[in-house]
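Shared between the two complexes below is subunit A, which pairs with subunit B and subunit C, respectively.
So, the complex of A and B:
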């Protein structure tokens, strides 16, 4: 097979930039994604939605190019036959029932009314809304609304699914349910892009991540690899306990720990170069200390710290 | 199956159909869920109901028989209506003497002696008027008249001798100075022939010799015999002279006549024009040399003007004419003012401005545009959805109002079927207006989501003004730079196609002073490329409106395709 005959990837972004006046939304991002679940991670304002809107032909890149299955989505709507998009917008047709809503949008794929209804029932079952599919959307909870949005994006059995902050504002139960839906899609071999500004959410869904920051692509790859890199970097573990000093005595002799601090009363800060190793020590030390532990925190194990680390690495 | 193995039911076109169906249905359902839709459509129904109430009221009034020429009155109160008095040549006015009535005695002047005559003496038994020396054989003492009529009072005594001032020894100057008009004096029997001579000035009746002074004047004549004429009932002079058309065989028939259009028509049923002709009055106002007739002028087979001689066909039957004219006027006026100008403007203003704009503002556009449907298609389908609601509404409303008016309207049949094509035409013309304004307003809403509505209102004012001008004068070029002008032209054309005799009715309306308003609200279509054909005008107007609609769909599409949706 020659290169020309090769199947184009689901998403191919080449040196794409988008700016609004003086503000840069996306800055020379290049990306090729095909298959599996990919998390697009970045804090608010990083350019995740702008990237998705560019992919969905809503906005046109000022520079570079965007291709879905090899086609420019700004000039041609044909890729949407294979794409399901869940936008960040919360607005739905409140007066419609979920079945009505998904059926109506399914018909825009050229399905007959019967086909659309059958498919809609199927996807509503897939997202777990069969029981309430005859209820008006105006009466739906936030999590149910997100699931309806996912259902409409899946109704035509797309190859690429783009979900912009699908977990935003959902309660833990809805969150778990949506996550399992996304994982299931990945298992089915679809290409799924999920954006989030919460590391933990993405971590529970996928290992393949793209990190955006200030419109730039900061990192791309396996989350574990990144985390391993991160683990090799000094980390802190904060333990709230009755007697931090005696607890510190148990830690200092251990290999991964290179320092301890007492930031405030009743609090012990352990400094380590190998977070995983330090964490594996924790249970036995806690048991042997015979103290009451109120909390254990990893203040560096969040997106901001990760970004800070990556930015420092990059510079 | 096609080459690619797809079933016929699965071609690109059927998929397009389904997408169109889905967007149209969605649009219809969205409009159905908006309060403003129900308000504007409800107001339209109320407006039509109100107009129908006015129609019912006017239909009842206009069918009352009206005395158009005012000849059923009896102003002098002598029991004879003016029409009858006119036929007999008597006056119906007090100031000409209430004694005049049909059959009353009339004075017929026979001859006179004036300053130029050589022979200045005459012997006759006559009614005299003037000044003369009257040697009387016989005097009619009962010859009298009104207070200011100058009849001489002879004041006879018991023996029948006049008791007048004795002027036998007066000189001539004194006689002329002292005896005023309406008086006489006794000059005695100077020639002793047994007959006294009187100087008489005024009116008198008698037999004898009259000698008129040099430069004086005396005329004489006689009074006709009085005869009885039965007074006509005044109803006879209401609707007594309808419009008559003469067919090719010379028979009087109904107007407008399809048999023979141009030429001399009309018949003076009540005879008032013919009576005037007999009296020698001028009764050929239309100047065709035929007395008491009506000229119908035609151009290309349609009547373009009617000119009647005075008092011919001047008191027509309202049931027959005003009813029909008023009905047509109602249909056309409602079609033009209420449907095209009012509903045509307000429905799009409420329903089409936000067709795409609102989806953007509501944030629901993402849902629709993430489907394989391009933006041009989307605009077109949205407009179709809007037209499905508004077009169905105006066509249904037009037919509903049409059916009610057709049942109430004049005519022998239960329903006037010939009205329905006109109402359908009104509905379709309004639908094209809705399409034209809809595409324009939707585009303006896209170009300027914030100020589009103000531009639409300004445009609406322009359209309203130009529409009104187009009704008054469709030939005015400036007014053709408006959507409403072309829709009004469509109505004019449809009216002419459904009721080909409307030009004649309009001419009748003006010529016979019915003033129903038909000739104000309707004029023959003007854009016929010189063919005078209503069908050509209808076609041109339809094409112009469709072109306008498609142009603005295209502009809207171009704007929308370049728009980034945040």
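So, the complex of A and C:
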């Protein structure tokens, strides 16, 4: 197969940059994504929404290029026949029922009335809103509204689904439901991009992640491989217990532990280079210490820590 | 007293409501996604979906744009108001009043055809501007305010399609009331009076000129109204802005005419430019001193500027950082 015959990837971003006056939104980002679920991670202001807006043709990159299925979305709306987009800020028509709303948007894709109604009922069933599809959107909870947004993004059976913070503001049940919807779409072979600033959320959906910070691409690839990078740098485990000093005595003799601290009364901080090995030691040491443990925390096992590490590595 | 002050020991009829410790039942639904194998329709189907969403909303809110019940009522009242010459024509035909008072006031002639579209009171003072204001009010400003333009732009709908369909929706609603009522007035006159082909051939050129004047009025009011709707996030601003332009320019021009005895400043008044052009089209004596070409140029400029504002504002929708 020649290069010309190759199918273009769903998303191809080449050296794209976008700045708003002095503020850099996206800084020379290059990406190619095709198939499966990919998590776009980054703290607030990292450039996730800017990246999505460039992909959706809402904003034009100041330099570089963005292609959806090989077509520039800024100059041509044809790729949107194959794209479903859930914007973080988008509002719904509050007076409409979910079925009317999704049907209306299906018709904006050029479906006939019958096709639009049938398909809308199916996608609303898929996101678990069949029971309430005749209820006005103004009466929906945040989680239900997010699911309606996903339904309207899926109504024309797109190949690429872009979800900007779909779990934001949802309760745990809605999160679980939306996550399983996203996983199912990935299993169907769709290309799904999901943005979030919470690592754990993405972790439950996919292993393929892209990390953005200050508009720059910090890491891309398998989550475990990136986490392994994190595991090579010092980690802390905070244990709240009755007698931290006797507990510390049990830890210091162990291999993965290279230091202990007592940050506050009743608190022990263990420092380790191998977080999983240290965690595997925990149960036996806790049992042998014979004391009451009120909490165990990993303050470094979060996105901020991962980002901090990646930023330091980058610099 | 015992009841009032709770003097008893309280145990004799003690009752309480206790929350029942039932486990909350979750919902498990079958998450099976079924791919769709159909063909998406062409561009005209997508554009028609935008158009019907806005136009059908006047009649029913189910699945369409929401017009406040008062807005719908107002449109109905204005529409019925614009049809009032028809019962008078009917009365005229009943009385056999050829050339009499009824016929002069409501029969088909150049003045009445002009007045049906371009008469100042009540149509261009109370009806058409108000109708335009309530229809264009939230047409684009609502999308700006709520971010609902994203609904269109994340689909294969270009900004040109979006603008054109919004424009067509407003123009069709205004046209239905203004041009359709004019058409109904003319045809009613023929039917009620039992006129034949000779009458038709005599009056048809006047009638068509009136239609043209009505279409120009609809286009001008739509352009100005939508431009105002596109620059604001408030339907109130767009509506009041439109009324201010129509009435404000008229008042200022009239004051200048009364003070300086010149009609020249009427070129800034959309209504007067339309009225002036309408007089020319219907072959009426012109009651403005300045040449009609000034009014035509002014109308072209008003429409041009309005459409330029509309297009540039829609082009920038959501393009800036939100």
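In this section, the second predicted complex is superposed on the first by the 314 of 315 C-alpha atoms of A that agree within 3 Å, B and C clash if a C-alpha of one lies under 4 Å from a C-alpha of the other, contacts with A are read in each partner's own complex, and residues count from 1 in each chain.
Everything that follows uses one rule, which is that contacts are C-beta pairs under 8 Å (C-beta built on N, C-alpha and C of every residue); 3 or more make two chains touch, one makes a residue touch a chain.
Fair warning: this is a prediction, and the values are worked out from it, not measured in the lab.
Judged by the touch definition given at the top, the superposed model places A:95 against both subunit B and subunit C.
Look at A:87: by the touch rule set out above, it reaches both subunit B and subunit C. Once chain A of one complex is fitted onto chain A of the other, the partner contacts of A:243 are absent, as it touches neither subunit B nor subunit C.
Legend: residue contacts after superposition of the two complexes on their common chain; A:125 is shown touching subunit C, with no touch to subunit B.
In the superposition on chain A, contact is made by A:181 with subunit C only, not with subunit B.
Once the two structures are superposed, subunit B and subunit C can be ranked by residues of subunit A touched, with C on top. On subunit A, the patch touched by subunit B and the patch touched by subunit C overlap at residues 53, 56-60, 77-78, 80-81, 83, 85, 87, 89-93, 95-96, 104-105, 107-112, 153. The part of subunit C that touches subunit A in the complex is made up of residues 26-27, 29-36, 38, 40-43, 45-46, 49-50, 53, 61-64, 66, 146-148, 150-158, 318-319, 321-322. Contacts from subunit A toward subunit C in the complex involve residues 20, 25, 50, 53, 56-60, 77-78, 80-81, 83, 85, 87, 89-93, 95-96, 100, 103-105, 107-112, 115, 119, 122, 125-126, 128, 130, 153-154, 156-157, 173, 180-181, 184-185, 188. Against subunit A, the residues of subunit B that register as touching in their complex are 14-16, 18-19, 21-23, 25-26, 29-30, 33, 362-364, 366-374, 564-566.
If you check the complex, the residues on subunit A that touch subunit B are 53, 56-60, 77-81, 83-85, 87, 89-93, 95-96, 104-105, 107-112, 152-153.
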